[in-house]
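There are two complexes below, and they share chain A, which is joined by chain B in the first and by chain C in the second.
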Partner chain A sequence: MNTRGNDNLPSNRPPTQRDLDPHLRRYAQRTVGMTASEIRALFAVASRPEVVSLAGGMPYLPALPLDSLADELAQMVSSEGMAALQYGSAQGTAQLREQICEVMALEGVRAHADDVTVTVGSQMALDMVTRIFCDPGDVVLAEAPSYVGALTTFASYQAQVVQVAMDDDGLVPGKLEAALDALAAQGRTPKFLYTIPNFHNPAGVTMAVQRRGEVLRLCAEHRVLVVEDNPYGLLGFEGKIYPAMRASDPDNVVYLGSFSKTFAPGLRVGWALAPHAVREKLVLAAESATLCPPAFTQFVVSRYLAQHDWKGQVKIYQEVYRERRDAMLAALAQHLPPGCTWTHPTGGFYVWLTVPEGLDTKAMLPRAVTERVAYVPGTAFYADGLGSRQMRLSFCYPTSERIVEGVRRLAAVLEGELELQRTFGSVRPRTVFGPQSPSPDTA
Partner chain B sequence: MNTRGNDNLPSNRPPTQRDLDPHLRRYAQRTVGMTASEIRALFAVASRPEVVSLAGGMPYLPALPLDSLADELAQMVSSEGMAALQYGSAQGTAQLREQICEVMALEGVRAHADDVTVTVGSQMALDMVTRIFCDPGDVVLAEAPSYVGALTTFASYQAQVVQVAMDDDGLVPGKLEAALDALAAQGRTPKFLYTIPNFHNPAGVTMAVQRRGEVLRLCAEHRVLVVEDNPYGLLGFEGKIYPAMRASDPDNVVYLGSFSKTFAPGLRVGWALAPHAVREKLVLAAESATLCPPAFTQFVVSRYLAQHDWKGQVKIYQEVYRERRDAMLAALAQHLPPGCTWTHPTGGFYVWLTVPEGLDTKAMLPRAVTERVAYVPGTAFYADGLGSRQMRLSFCYPTSERIVEGVRRLAAVLEGELELQRTFGSVRPRTVFGPQSPSPDTA
Partner chain C sequence: MTDRTVAVLAGGLSHERDVSLRSGRRLSSALRDVGLHVEEWDVDATLIDRLTHRRPDAVVVALHGGAGENGAVQSVLEMLRVPYVGADPRACRRAWDKPTAKDELARAGVSTPDWIVLPHATFRDLGPQDVLDALVDRLGLPLIFKPPQGGSALGVHVVRDASELPAAIVGCLAYGDSVLAERFVEGVEVAVAVLEGSDGEPQALPAVEIEAASGFYDYAARYTAGLATFHAPARLDAAATAAVAELAVNAHRLLGLRDVSRTDAVVSPDRVAHFLEVNVEPGLTETSLLPMAIESTGADLGTVYATLIERAVARAW
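Presenting the complex of A and B:
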């Protein structure tokens, strides 16, 4: 029955991409925007033991007490297995949605469980929000830089991303206002502002509290919804929990949360808290996407929250990550060549590093991997190819000793690149390994 | 900060839908096609203990050995928890993809694990296939009737569904050819044919083996991809496993599979097997949708397949469902009034019932629920409002005794409707409970 293999292949012509994929002309327009992310290519590299990966954002799970978890889960299956293994509600279990409201209350959020939708990680929440709001060509505002997974989702819905500058206090309200005014002058209203106010991925900065009010006011004035993505909010290093933007504007903020960083990402349990009418649409969208989120992982999280000292576990995570953040900042100060600058995160997983002018973090990645250190090039976090002088460094997963060694290797790579630059002038782009999105600024 | 609540509400005007949802004008076009399914409204009803639900498609999980599952799960967490709780590959774990190939081999499928993508239930696989192939307005072919969850997904991508008639041997090739020719005459090529060849949901019929070749040939000739959805293939009652369509046409079939019916749906583990180039796009789409499927549930399934007599468990399921199918068919023959006809499934979960002319299964549903029996009205399984004389009856979940009682109640409802019809003429549409898609044929 294999009648299709070569049906696009005239004779006397070398094969093209079309010949290699007989389905090529069938794909939807949106697949044009679906390209492999730089982070994805790096996962393979990062798994080699000799490489110090400062690339991935994997939580440090050895901090979890596996044996007591195993006992709790066995009890859960014995006593609640019939429900945990069965189809469930598209919105998520009532018990977990109640518990999620208690978690969000730590950030000043007053919410009803009926307005929570449980999703397969907060990535799915973001996908559903984009699905219900974005037609092709619609504008979404995001910080510059922004989370690569969000940019990928926006691209898959053919949304146009306009990125707005940040400084050490997060998104700059004046720049946001300028962007809103410029779009308004074109007759365009963005569908929403996507923001990560706390311990930003990848920038490592936190939006100042008084700015949150300004950002909310600007968005309300311009009738732009706010999508507040807050996976790291409880992972501050200074004993401080910032108030959620949702806490002061329940009607114009969709809040996205996750247990991936406070518990474990392999369960893929996240959520969206949305104004009631939006929540109804979210549930319908989620139902068409997966029928329902896994009841099983929801029962696991519910039991963990109920039976375990989960806040104590968050404290353990905080302390692990603070120690590693300290190790990374100290190593950067000690080893990096002059001309490098970086952010000083007070929580979360990431430092955002800017290298001297003339260097290109994407072009130098193969050399870095050869030197057994990995990072994510800055271009991954921009929709428009900016970020060639930046990189994201993660301190969440490797030990402090490995982090110091990784930074040492990175410093040697940067020294080598600067030496090349002094000898031959500005470094030229070269072929990079693995699947890459095309980027206009690799010069 | 609540500045948006009433911003669309001029004075002296009664509130409208727009006033009640200040976000209304922000939604994407595709939300117009997102309406609550009839099945969803029924889940609430079906959960009342006094109602015999012949509506839901929930597997009969008490057949599972919970205590040994609990032990296996605890061992898994203790020994593999670090990987099971961590982020994983967007494509799914290598071990599970290998095991999935072994499962599909039972249906004659020869496949490489690299061409398998694990998804959050096969619903997500269907969502991803639609995402990569369907632009708004594209045509998708499906059987008439077809799985309600597929129709919902197609609607959420604004695809136009053209449904093709079935008979007791499944999809009718001559009708498929006519549909393909009619579309070709309009210059339209469907993106794919969505088919459930085995123990069809909702029709309860199976595509005859020789027809499978004809359908594949027609689709190849018309350059239409085949999406073969096969959640029930191993749940035949006659000791027979039908060959997958994918087995005879690897290049033009995307096969969707699931552990929801052979093991447990609460884990939400399904998959797509696709030609290699399509698989690459599927993984990119899945990554933007959820980053990765839950590693945890994949480890649970892998351990179950490796440690447990899973084929023996499938046999147990087969026997439970066969006994219940027998009970349902016998009760239908004994109790239903003349003029009713129904299918005779040789596997799966469903019987498709046609009631006498003049009756309307959607309009009579409230009366049925009052009489403590529930089913899914046939209109749920058509994109165009057909199906008003049909209903889907599930025999998977209630015991045989309950099934007999449910059919008895249903027969009484039908008798009552026929009596009304004899007295007052054809039954008129009336208000139905719960959220409903509008349907043109409720007269």
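Presenting the complex of A and C:
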């Protein structure tokens, strides 16, 4: 071969081997699996307005009073800028921690601001909790299915995740007990149980109140810490606020909270309420990660809580999401083929859909994107490849009209898959397992 | 360079949107480095309005899959008489549809693995097992299944055991209504880019040899640095080197391509070069093969594409 005669190019060079990543042999073991993924690439299409995305969990920010917030923000910079733009405490500002205690009081939590650590979203709080408790190979219990962001955090610390079944009333205590006993028989004690008791992501169910006591009792008996993740607790549609598990057991529960769903996720303000000794380690871990949470966004949240009708804003969110939940449930009932079942959330953002036996929601995602509808395949919410018959549908961001259109498209995709199944029988295409989901900004 | 304004089209609605955005960003940066004014445009319902009112001096289509490679966008550019880099719509259509490209090249005597295209309806109407039995009788194993149209190895499955056939076909049908079943040829996998010089003559760049760590150059291997090793030029002897270069130039000529193309081929142990497919809008990401081929000659991406842009402007209506 030669390139002579092509005035666009210089002459050939000697052969070279191209290793595009010269650091390949240096990476830690925990990076295994951090590769490009077909599924994640498909979510790039979901961000286009032509696609009805039922995938992302983005709060509906148009419901916020942006103009008055802008005025408040300008005033805040003028009057408090010297502190808001300066380094702050690793634990977070005292004022915000006091206000967080008032928010948690709505769920029956009596807490002292000293035990609150402000974090960069509750995701960081979860990361810190896992960092201080988990060595590689340690066991963490989680619901089946569980929040994909938690599973990726546990994986990054090389923890082994054991998932415990749920039903319409949330985590099943009998299954939890069986899992604890099975692990005990192996001489293993889980480091903690990670649970989302209210309006679960992705399952859309809520743990029955009486079960919460049973779960706390079982964990206490087995000396297993409970990590209660509660981003959606104030977003119920039936006027009911469930009591936090932390309210019943202050000594054995780490509570994770967030302003991402009740205010705005772009601020990245979350928190952990932990027993005193745990809190001390959390603060040191957080300090090594970020020095301190952003003072600026803490000041924004503080001012918002102090000067806005934030509870009224939560009610507005509840109304928006309830209307959209209703639209989704009605559309699912009207359009989906027989054999599909789904949860009926009483709050939060998500419906958990189970498709007919033999269909694979991950394998059919390309067809869905072709039909311009997107969802998150169920396998994203399991650490072990389960969930192939499930998908998570979000009703938080698209309008009701778009939700109905999205479900109509989804129904057509399912019909196509059933047609394939009639031809080939139940076959499961080879797909990569693991928590592959959209990036947070993919609606 | 000139003070031309160039619109780089990237993104779109195909399954390869993410790859296209990365190609577009890299190309845009390279073109800015050589002094061009570059605008990066996603392709949506505002495209015609933008082309009409902002009127770039030329367009480079960095779209992968769908409208960017099947000639649809090129037809719009022709209608609006906007100069663009790359093949015309008719040639795009020939190259985009893998069976059509294989058919044209096979008729011209180019070696390409035996293949059969099977729509879902054939399996449905005739019964899958009978069709699969006939397929294996005809082509044998191993087989590779591909969506007839598409790139980035999306929906592509290699089958070495007959029991894997239904799953591979169902996986492939997630990307379209038909499957291209092709005899899988073991050998050295190479990509050969072709560039046209100012005289319009297509010239092959050094072949890039691909060694996927997993043995299969799938989506993850294509777009995760480190999951494949590349050799540029490929470690082929003189005869095979000449064979793959000739194959790529033939593909470019026979399909009527223009400016740039990238042919994927495999060299079997008997040193025969087999045509697999050709791309009219080759990937330009950090892990893509055309930039590697260009760099292996000591050239740079921006200069090469700037020259192609000048050619596009010069041949404009």
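Note that in this section the second predicted complex is superposed on the first by the 398 of 443 C-alpha atoms of A that agree within 3 Å, B and C clash if a C-alpha of one lies under 4 Å from a C-alpha of the other, contacts with A are read in each partner's own complex, and residues count from 1 in each chain.
Basically, contacts are C-beta pairs under 8 Å (C-beta built on N, C-alpha and C of every residue); 3 or more make two chains touch, one makes a residue touch a chain.
Because the structure is a prediction, the values reported are computed rather than measured.
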item: Chain B versus chain C as contact partner of A:Arg422, first or second or both or neither; value: second
item: Chain B versus chain C as contact partner of A:Leu284, first or second or both or neither; value: first
item: Contacts of A:Asp21 with chain B and chain C, given as first, second, both or neither; value: both
item: Partner chain(s) touched by A:Val300 [first = chain B, second = chain C, both, neither]; value: first
item: Of chain B and chain C, the chain that contacts the larger number of chain A residues; value: B
item: Which superposed partner A:Ala165 touches (first chain B, second chain C, both, neither); value: neither
item: First, second, both or neither for A:Ala363, with chain B first and chain C second; value: second
item: First, second, both or neither for A:Ile316, with chain B first and chain C second; value: neither
item: Which of chain B and chain C A:Met82 touches, first, second, both or neither; value: first
item: Partner chain in contact with A:Glu50 - chain B first, chain C second, else both or neither; value: second
item: Overlap of chain C and chain B interfaces on chain A (superposed complexes); value: 1-3, 5, 7, 20-21, 23-24, 35-37, 40
item: Complex interface listing, chain B residues touching chain A; value: 1-5, 7, 20-24, 26-31, 34-37, 40, 43, 56, 58-59, 61-62, 64, 66-67, 69-71, 73-75, 77-78, 81-90, 120-121, 123-124, 127, 131-135, 138, 149, 152-153, 155-156, 191, 213, 216-217, 220-221, 223, 225, 248-252, 260, 264-268, 275, 277-278, 281, 284-285, 287-297, 300
item: Residues on chain C engaged by chain A in the complex (per definition of touch); value: 11, 13-19, 21, 44, 120, 123-124, 128, 152, 154-155, 157, 166-171, 173-175, 195-199, 201, 203-208, 219-220, 222-233, 235, 241-242, 244-245, 286-287, 292, 294, 296-299, 303-304, 307-308
item: Complex contact set, residues of chain A against chain C; value: 1-3, 5-13, 15-21, 23-24, 35-38, 40-42, 44-45, 48-51, 363-367, 369-370, 372, 419-420, 422-425, 427-432
